[in-house]
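For reference, the structures are reproduced in the following blocks.
In the two assemblies presented below, chain A is common to both, partnered first by chain B and then by chain C.
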Partner chain A sequence: MTTGTIGRIVDFVLSPHIFAPLIYPGLLAATLVLLTLIWAERKMTAKVQLRYGPLYVLKPLGGAIQLIADAIKFMFQEPIMPRNADKWVFALAPVAMMAFTIIPFAFIPAAPGFVGVDVEYSLPLVLSLSALIPPLILATSWAANNKFTLLGGVREAFMMVAYEVSLFIAAFAVASYYGTLSLSKIVEAQSVPGIILNPIAAGVFFVTMLMTASKLPYDIVEGEQEIVAGPFTEYSGILYMLVMGASYMELYVLSLVFVELFLGGWKPVIPALASIHPAFEGISLFIKAYLVLLFAVFLRSVYARYRLDQALEIGWKKLFPLALLSVIWSLALLLVAGGA
Partner chain B sequence: MTSQGSSEPRASPYFWYRLMGRDEEGYDVYELFIGPQHPASGHMRIIVRLDGDIIVDAEPDIGYVHRTMEKLAEGREYIKNIPLFERATIIDAANITWGYVRAVEQLLGLEAPPRAEYLRTLLAEINRIASHLYGFGIAGIMLNHSTMFMWAFGDREVWVQLAEDLTGARLTHSYIIPGGVRRNLPQDFREKALKAIRYMEKRLQDYERIFVKNPVIIARYVDVGVIKADEAKRLGIVGPNLRAAGVRYDARIAEKYGAYPELEFEIPVREEGDAMARLLVRIEEIRQSMSIIKQILDKIPDGPIFHEKYYRMLPPKLKEFVESTGRLKLPGAFIRLKPEPGEAVARVEMGHGEVFYHIVSDGSIKPYRVRVITPAFRNVVLYRYLTRGARFMDLPAIYGSIDYFPPEGDR
Partner chain C sequence: MAEDVYKPGNLLTSLKRHAAAIATGLRYLLSTKRMTVRYPEFLIDLGEGYRGMIRWRRERCISCGLCAQICPAAAMKMYKLPGEKKMFPGINYQRCIFCGFCVDVCPAFALEHTPVHDLSYEELDEMIYIPERFDTEWVSPALKEGARPVKVVFDEEVGLRHEPK
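On to the complex of A and B.
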């Protein structure tokens, strides 16, 4: 009877609607991405900048578990709450932020036929779930009751309207070509990678992705040299870990979407891995997304930060027309090719 | 709500402005205190008043690292003030002490031997390069370009090492003393210096690729923080900031001190007066300094490195030591240098600009008064004039471009 119960629990955990959001490609895999990506980012940057980077925590592997040490440190650090802060919002917004970065994993297909909750409109759903984070950042910036956080919040508001529109339009340009809003159907329909079919949309999506996660050259919201840490100035301890982790998680979610829209998703499938779990068949998706992430964080060692008005100009005057152009491009392709 | 508050209409359209603060003149501004506890303020505070994203006024509030150097100098013997003043600009120790030493030499009626003047010039130029690289790195990190920061600080190490080879100390050299210098040129210095120059020339091209010609840097620096020549002259700006505004002024030319009259070099000048011009002037100055170092290594005359008058005071055994090692031991009487009563002024071109010393002697072993006006102190006013009307995010760009060094400004 016990084995039956355990068996049922194991089956329950391994079923797509739990496995996808919580294990792969969801929370557990995302945590792994977070831990290794930040380490890889620091190592890559260090290589460019002629230094070692993380080194002493597990020296034989080049400080590979540095981030675990950092996480433990954050866990035991006192989370200081400013006296004048709106305490509930201040404490709960980071948690909600993290939650909204994890929920999309339930709708992102990880392998052929493997998705937590199969909905027809997974593409707009995932994008709009990640679009819920900027309002939460605004909430934190207001709740912290600090001049620097408020400025950061205002910046986030400006940036949000500048990138969100182009992000959605670029994604829909691809969707309109395939005639579906379902991520799994888009991947299935992709015989030629989307980046070759519609490079404009891919470019716009990638740049807006950087803006969304505020990565260089668009790390304006957290502009350390002017506003300390932007909306996150007052955070410490585990709450700080959550807000910082959320931006990387968001980047991970969007790079999964990027791979599914433009880089052929889980193709080529590796059927051998299906014996472990059906989700691992589509491991190519994870690998491609990881490479996209590595490229995105590598930009840190090449670029400086754009000014706010310059980033808005890029968002509205360059990316927005380009996004519209990518829709026209898709429609023109449809006319020429007569449908996918 | 107090009665005062309720007397005003609550739904005033200025409610949000009031919430954000308003200055005395009724201007609706958002006042921001940047520093001294801020990741990018340095040892100072900048009080910024913002109208939206536009800076209405930025007020540099300095003095957080004031060490009463001028007053301390009155309580120390002349020679002991050298280690004191070099701590004002520890990244440019040779240049800032050279001004003091020149003034003391005038009071003493001394002149350093030619070889000593060449060695002083050599260290001054090494320090100038290191100082510019330091400023370069700060300019990089102010725009969050961490690669430029790390590269410039890493390559500065080359010049700091070179200075150590020459003087025995990385930063606080105390190399330039009244009457000469403390050490002779080491045997293998020429090769090391030429190697450093070759390396730096290669690196400057790398800098150009990753920073100077980086589209983001161009967007952030061109036409940002513009100051024109007449305005710069009126405000008394010095150094590369002045030359980037189109004024050809350099104390090395104006004062003709050290070995500079015998060396060939150019004073880079640009007309634009923006942050990019200031950056490019500094890069060109690094190139010129390297050319000066090469010339010094070729031209340096043989001879003593210390004035005969004091060298004679050394006991024979110490003389032997100085001859064999090239390291000067100061005679005991040197601590009690006693200039005639009088005044002396001296100017020297540092990496940051011109430093000015005015020493008053009352004939005792300690100076009666030492007045030092550092280039950073003269340039700090730029915060106010360059930032007015700029975007808030231009503030770090301007900060980085004017190469302000707070301990130097505060003394």
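On to the complex of A and C.
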């Protein structure tokens, strides 16, 4: 009887409804990405700048568990609540931000036929869930009642309208070519990677992805050297960990979407892995997404931060027309090829 | 490249420039050059003339008090020792700016700079050196724990190189 119960529990955990949001590509894989990616970012930036980066925490592996040490530090740090802050919004907005970055994992297909909740409109659903984060950033910046957070919040409001439009149009350019809004159907229909079919949409999506996650050269909202930490100035301890983690999680979600739209998703599939668990077929999706993430954070060491007006100009005058052009490109391809 | 002055280009030229910038970054990423001194294991040998912690020799001191008078940060003060008629200088490293006026003004060469600069204190009171504690040899804590001294060499390629001394 016990084996039956345990078997049922194991089956329950291994079923896509639980496995996808909790283990892969969800919470567990995302935590792993978070811990290794920030370390890799610091190491790569240090390498480019002729430094070592984190080194002394577990020295044989080059300080690989530095982020675990940091996480423990944040855990035990005193979370300070500013006296004049709107306390409920201040405390709950980071939690909601983290939640809205985790919910998309239920809708992102991780392997052929392996998705937590299979919906026909997973692409707009995932993108609009991540579009719910900027209003929360605005809420934190208002709730903290501080001039730096308010400046950061205003910057976020400006940036948000500049990038969201291009992000959605670039994604829908791909969707319109394949004639479906479901991520899994887009991956199945991709015989040629989308980046070759529609490089303009890929470029626009990648740049707006950096803007969405406010990574350099578009970390205008946080702008460490200008406005302390932007909307997150007043956060400390575990709440700070949540707001910082949320931006990396958002980058991870969007890079998964990027790989599924433009880099062929989980293809090539290794069938031998499917016998262990169907989710393991998505290993090439994970590797590609991780490489995209590494490239995205590597750009930190190449570029300097754009000013707000420059970024807005890029968003409205360059990316927006390019996004519209990518839709026209897709439609032209459809006319030439006569459907995917 | 010949074009030293930045000229805004069209979409294609700016794409080329972005690619060039990323390629430069990747080249640095793959190179093995480093400029960092791994401090607790290696210590830059600063040599004579570095204005670090100040060494006071009691046997040379003539208790003139010039060092306490000239100190612009009021770090140096004269202390009365029990059983002594003369007063002797003590230093407060909370205030010291390492300007070296006291060393320059000392007529008896009782004060001198040492290259030791990497001390740290757990309590503020430890930073005040009354004459009894002031007359000691300074030792770098890194050197005491076996740091290898290195010397800085200018290098055409990397910028700075550190060679074992």
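One rule holds for everything that comes next: the second predicted complex is superposed on the first by the 340 of 340 C-alpha atoms of A that agree within 3 Å, B and C clash if a C-alpha of one lies under 4 Å from a C-alpha of the other, contacts with A are read in each partner's own complex, and residues count from 1 in each chain.
One rule holds in what follows: a contact is a pair of C-beta atoms (placed from the backbone, for glycine too) under 8 Å apart; a residue touches a chain by one contact, two chains touch by 3 or more.
Please read these numbers as outputs of a predicted model, since none were measured by experiment.
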{"item": "Chain B versus chain C as contact partner of A:Leu216, first or second or both or neither", "value": "first"}
{"item": "Comparing the two partners chain B and chain C, which touches a greater set of residues in chain A", "value": "B"}
{"item": "First (chain B), second (chain C), both or neither touched by A:Ser301", "value": "both"}
{"item": "Partner chain in contact with A:Gln310 - chain B first, chain C second, else both or neither", "value": "first"}
{"item": "First, second, both or neither for A:Val228, with chain B first and chain C second", "value": "first"}
{"item": "Which of chain B and chain C A:Pro109 touches, first, second, both or neither", "value": "neither"}
{"item": "Partner chain in contact with A:Met44 - chain B first, chain C second, else both or neither", "value": "second"}
{"item": "Which of chain B and chain C A:Pro54 touches, first, second, both or neither", "value": "neither"}
{"item": "Doubly contacted residues of chain A, that is, touched by chain B and again by chain C", "value": "48-51, 301-303"}
{"item": "Residue ranges of chain A in contact with chain B within the complex", "value": "45, 48-51, 147-148, 151, 216-217, 219-220, 223-226, 228, 300-310"}
{"item": "Contacting residues of chain B [partner chain A, same complex]", "value": "30-32, 34, 38-40, 53, 140-148, 150-151, 154, 210-211, 214, 216-217, 219-220, 391-396"}
{"item": "Chain A to chain C touching residues, read off their complex", "value": "44, 47-52, 55, 298-299, 301-303, 318"}
{"item": "List of chain C residues in touch with chain A within their complex", "value": "11, 21-22, 24-26, 28-29, 33-36, 38, 158-159"}
